[in-house]
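Let me begin by handing over the structure; questions about it come next.
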Amino acid sequence: MGSKSDLLPRPLRGIIPPMVTPLLERDSLDVVGLERLIEYILAGGVHGLFILGTTGEAPSLSYRLRFELIERVCAQVNRRVPVLVGITDTSFVESVNIARKASDAGAQAVVLAPPYYFPAGQAELLEYLKHLTAELPLPLFLYNMPRYTKAIFEPETVRAALDINGIVGLKDSSGDMMYFHRLQSLLKDHPDFTLLMGPEELLAEAIFLGAHGGVCGGANLLPQLYVDLYNAARCLDLSAAGALHSRVMQISTTIYSVGRYESSFLKGLKCALSCLGICSDFLAEPFHRFRAAERDTIRRHLEELGITPAR
Amino acid sequence: MGSKSDLLPRPLRGIIPPMVTPLLERDSLDVVGLERLIEYILAGGVHGLFILGTTGEAPSLSYRLRFELIERVCAQVNRRVPVLVGITDTSFVESVNIARKASDAGAQAVVLAPPYYFPAGQAELLEYLKHLTAELPLPLFLYNMPRYTKAIFEPETVRAALDINGIVGLKDSSGDMMYFHRLQSLLKDHPDFTLLMGPEELLAEAIFLGAHGGVCGGANLLPQLYVDLYNAARCLDLSAAGALHSRVMQISTTIYSVGRYESSFLKGLKCALSCLGICSDFLAEPFHRFRAAERDTIRRHLEELGITPAR
Amino acid sequence: MGSKSDLLPRPLRGIIPPMVTPLLERDSLDVVGLERLIEYILAGGVHGLFILGTTGEAPSLSYRLRFELIERVCAQVNRRVPVLVGITDTSFVESVNIARKASDAGAQAVVLAPPYYFPAGQAELLEYLKHLTAELPLPLFLYNMPRYTKAIFEPETVRAALDINGIVGLKDSSGDMMYFHRLQSLLKDHPDFTLLMGPEELLAEAIFLGAHGGVCGGANLLPQLYVDLYNAARCLDLSAAGALHSRVMQISTTIYSVGRYESSFLKGLKCALSCLGICSDFLAEPFHRFRAAERDTIRRHLEELGITPAR
Amino acid sequence: MGSKSDLLPRPLRGIIPPMVTPLLERDSLDVVGLERLIEYILAGGVHGLFILGTTGEAPSLSYRLRFELIERVCAQVNRRVPVLVGITDTSFVESVNIARKASDAGAQAVVLAPPYYFPAGQAELLEYLKHLTAELPLPLFLYNMPRYTKAIFEPETVRAALDINGIVGLKDSSGDMMYFHRLQSLLKDHPDFTLLMGPEELLAEAIFLGAHGGVCGGANLLPQLYVDLYNAARCLDLSAAGALHSRVMQISTTIYSVGRYESSFLKGLKCALSCLGICSDFLAEPFHRFRAAERDTIRRHLEELGITPAR
C-alpha cells in the first residue's frame, strides 16, 4: 500500500481549486452542501483540492471546525485527487497541529503562507521554514499572499528554500506577474518544483510561460471552465485560451465585483454557489453573506453568464 | 463577594504594562521567570497588567500555552491589580474561548484588536463587536494596532461602539496623535470610557491632553519610570515630565533600536530583561533572541541608562 | 544695511502660517485678496510667513505665477516678518531658480521637501542637499511631507545635515510624533537649529516638549488663535493650552473635514476664507472649489465656531 | 501637406521605446550621444519614440532642457516614426506649455500621467482631463504610473475618458496585469484606442491577450530584441516568444538589478548604454551614475548577455 504522498505528482499540474468552506453557522459545517460541493468540483475534472486557504476562510474558523473539515474532505475525496491542506497560522505550534491532523486524515500535502501577525524578515522566514519542515509529516507548498500576510517569499528566499527537504512547490497569489516571472527564471533548473498561479485572471499567461497550474477560486463555481483554460493554455492554443480567458474576466468583473469591500470576491463566490443550490452562503465573521439586493445582482450576473441551477 | 469586574475602575487610570511572555521554548513557559517578572512589575506601582497583547507575542503562542499563562498570571497577581487579557484572534470562536478562560481564571477584562487576516470594513467591524460582546463574560477594551491588523476603529465606529453594552475603553497603538486627538474630542462627554495610549514615546502628551493612562512596553523593564511619568504628566508638572520623557526616548532610541527588523522592540525588551536576570529572552517563532553581539550592545545601553541587575 | 537673513532669528520661534495662494483663475492671482490676506494674517501677530508650500498649492502653479507671488508677498510684507519661500521641485535646476527669485525679491529663507517624483534613498537625499545648498543664496529649512513626497529625512540624515552649511531648520509635516520626538532627542545640543511642527493638531504637545513653533494652515483663518496657543504652550500654561487646543481640534474636525477627498483641508480652508470675504476660493487643478452645498456646511461650521465676517 | 498627427496610426502598434535623456551635466544635453542613441534605436525597427517619460527622467530636468530635447529629437527623427512627448506635470499650465512646444517642434502626440504631488480623486482626474484636452494641440495618451504619481486611471475613469475628444490611448506601467486585463475587457469595442504595456517583463503576455504594443525601456539598449518579441507574440509564435521573453527576463534580473535603490533600473540602463559607447551615463539629481564597482558588474552582465560595443 502506498504512502500518503504517492498521490502527489511532482510537479503537480493542473487546476487545484481553493475550496470554499460551506457553513451553516459560525461554528457549524454545512455537511450536505460540503459533500455536494466536493462532488460538483471533482466532476469538473480538477487535478487536486486545496482546503483551508484564504478562499476557505481558514483563519476565521475555529480549530475544531478546521479539524472536522479536514476529516470530512479527505474521507469524501477518498484519494480521487490529492488534497492539500492550509496550515498557515501565526503560531508555529498550531501549524504543526493542523499538519498532523491533515496527515492522519489522509491528505497529501500542506500549504503555508508566512505567519501573518508579526511581519517577519526574509532571514527569519527562512529559518522558520527550516524549523517547521522538520516537524511536518507531509510535503509543503509555500504560499505567497502578501496582501493578507504582509510578507512575501522573496526570490532569494525561494532559491534557498529549494534546498530544504520537504518543500515541493509554491502558490503565488501576489498578483505580481513580474515577481512570478522572476520565480520562473529562478526555477528553470528545478522541473520538479511546482509553481502555481493564484489569481485566475492571470492563469492563461502563467501557463503560457511555464507555470504548472492554477489555484482558481472560480473553479468552485465553474470547475470545467478553468480545466479547459488550463488545457488550452498548456497546448498553446491561444485562440481557445483567449476566449476562455475572456469568460474568466467576465466572472471577475461581475460575480466578484458586487459590493464595496475587499471581501466581495468571497461573498460573491459563496452567494453564487448558494444561488445554484450547491451550498450555503453563510460567511464566518468578520464577513456576512450578501443581502437580497446584492443576491439579485449575483443572480442576474449568473444568468448573463449562462450559468443556471442544475435540474 | 464581589464580581470579577469589581476590581476594574471606570475609567481605568494609570500604567498597565503589556507583559512579555517569558518562554523557555516555543511551547513552554519560563515559569520561574514569569513569577519574578510579575513581582518586579507590580513592585513598580503599576495600575494593572495586560497579558497576551502584541508585546506578549500572543499570536505566536499555542492556545494551550495561552491558557496556562492566563491561569498562572491570575493566580499570581491574585487581585492586587486588574488583569486584562488579549483575545484578539482571526477566529470569532477562538476569541470567545480565550475570554471564557480569562473569566474563569479571574481576570477583570479582555482586550480585542480587529481580526487581522481579512481586512474588515468599518460596518463589518461594528457588527463584529455587537456579535462578540454578546458572547463575552468580561468587559471589553478595544485595541487599535493598524500596523499588524490592517484595520483601525475609525472615530465614527468608536462613537457607535459607545452604545454597545460591555465596551469600556480603547487602547490606541496607532502612533497617530491626530487620530488620538480626534478620539479625545469624541469622548469628551463619556468620562467613564477609558482611553489608553500605546506607544510610550507618546505617553506624556497623551496624559497632558486628557488620556487616562498608558500601556507601556518599557514598564516591563522600568515600571516605576512610567508610573512616575504618568504621575508627573497627570499633575501637569511639565518640567518633571519632560525629564522623564527624555529618559523614555533614550530607551526607545537605544534598547528598542538594535538590529534591523521591525521586531527589534520585542527582541531588545526581552534581551534586556534577560540581562537583568529577570526572565528568559527566548522568542516564539518567527522571531529569535538576539545573538551575542546584539546582547552586548543591549548590555552597554543598559549601563548607559544606569540600569543594573538587582543584587 | 543688513543682509536679507538679518531678519531671520536662530532659532525661528512662533507661528509661521503656510499661506494659501489666492487665485482668480488657474494662472491668475487674486491680487486684492492676496493683499487682504497678508494683512489679515500679520494682524494676528504671527512670527513669519511661509509661501509656496503644500497649503499654497505650489506644485499646481505655473512658475510665472510663483514668481509673481514671491514678488508681491515680499513687497507687501516689507520685512515686517521673515518670509520663507518653498522651492520644492522635482528638478534641481528649477529649485535653484525659485530660490534665486526669492532672494532677489527679499525673502529671508527657503524651504525644501525632497524631490517628489522619483523616491530617493537617504544617501541620495543627503548628496542632493549638499549639492543644492552650494547653489542657494538663502538659508534652507528642510521640509518633511512624506505623504506627498514619498520620502522623509530620516533622523540619521538630519544628523548629517547639521554639518551642511546653510541648513538652519526643519519643518515636520509627517504627523508622526514618534519621529518628531526622535528628532528632538537628536537636536538637543543644537539650540540654533529650528524645529517646527506642521499639523496644527499637534502644535501644543510639540511646543510642550521643546519645538520652536508651528506652520499651521489654520493660521490663514484664525492667526491669533494659533499665536495664543503657541504662547500658552510655551509658558507651560496647560489649562489655557488645553482650551485653545480643543478649538483647534474643532476646526480640524469641521472646516477641514467636509467632502470625501484628501484635499478637503485645502478646499475647506479656501472656502472659509472666501466666506469671510478675505480672498477667492478658486483652486488650481487638479482641485476645484466647493460647490454650494459644501459651502453652506462650511458657513454653518464657521457660525458654530463663532467666526463671522469682519464688518 | 499633412497635419502633425497624420503620422500617428490608430491604434499605434509596436515598440515605442521610452528614450533615456543623455546628459553631460545636470542642465546640459549630451548632444552627440543623443543623436547616436536615436539612430541606434531607430535602426532596431521600432515603431515610435517616447521622450520625457519616467525613463527619460523628465521630472528631474529643467524646462529649458526639456524644450531643447523636444526640438532636437523631432528634428533628428524627422518624421521617420511618430514622436510622443511626456507632458506630465504637477502644474496644468506647465503641461500645456510643454504640449505646445511639442506641437511646434513637430511631435505627433503627448503623454500624460496624473499630476503627482497632490493625489487627485477619480472625479477630479476626469475633470482634469476634460479641461486639459481642450487646451492641447496634439492627441493625448494616458499614462498609468501609480508608483510615482500615487494615482491610477481607474477602469471607470478610462471608460469615461473614451468620450473625451483627443484621448487616443493609454500606457499602463502599473505592473498590475489584473488591472490591465480589466482595461482590455473594457476596450473590446474600441479597436482604435491604443493600449500599451509599460514593463517589458509583461510585454509577451500583454500582446498575446490583445495589447497593441509596448513602451519598453530595454529598447534603448536592444531595440531589435523587443521588436522581435513583439512580432513573435503578435503572430502567436509562443515558442519564439518564450525564448525572447527569457532574454528580456535575463536583462531585468541583471542589468536592472544592480545596486540597492529603486533607481537601479535607470542607473543600469544608462550605465549599459555608456559601456556600449552610445551616450553618457550622467543622471540628473536626485540620482547619480554608478561608480566603478557597479559599472564593472554591468559590463560583466553585458558580456553574459553577449552584448558588446559595436565596432
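A, B, C and D label the chains in the order they appear, each numbered from 1.
Please note the rule applied: contacts are C-beta pairs under 8 Å (C-beta built on N, C-alpha and C of every residue); 3 or more make two chains touch, one makes a residue touch a chain.
Fair warning: this is a prediction, and the values are worked out from it, not measured in the lab.
Asker: For copies chain B and chain C, work out whether under half or over half of the interface numbers are shared, and give different or same accordingly.
Answerer: Over half of the interface numbering overlaps between copies: same.
Asker: Greatest Cα-centroid separation from chain D: which chain?
Answerer: With centres defined by C-alpha atoms, farthest from chain D sits B.
Asker: Provide the C-alpha centroid distance between chain B and chain C, rounded to the nearest whole angstrom.
Answerer: Comparing mean C-alpha positions, chain C is 37 Å from chain B.
Asker: Mind checking the centre-to-centre distance between chain A and chain C? Centres are C-alpha means, answer in whole Å.
Answerer: The mean C-alpha positions of chain A and chain C differ by 51 Å.
Asker: Give me the residues of chain A that touch two or more other chains.
Answerer: Residues of chain A touching two or more partner chains: there are none.
Asker: Going by the touch definition at the top, which pairs of chains touch each other?
Answerer: A-B, A-D, B-C, C-D
Asker: Which residues, counting only chain B, touch chain C once they are in their complex?
Answerer: 175-178, 181-182, 184-185, 199, 201-202, 204-205, 208-210, 236, 238-239, 242, 245-246, 249-250, 252-253
Asker: Residues of chain B touching chain A in their complex?
Answerer: 26-27, 54, 57, 59-65, 90-94, 97, 114-121, 124-125, 127-128, 131-132, 148, 260-263, 284-288
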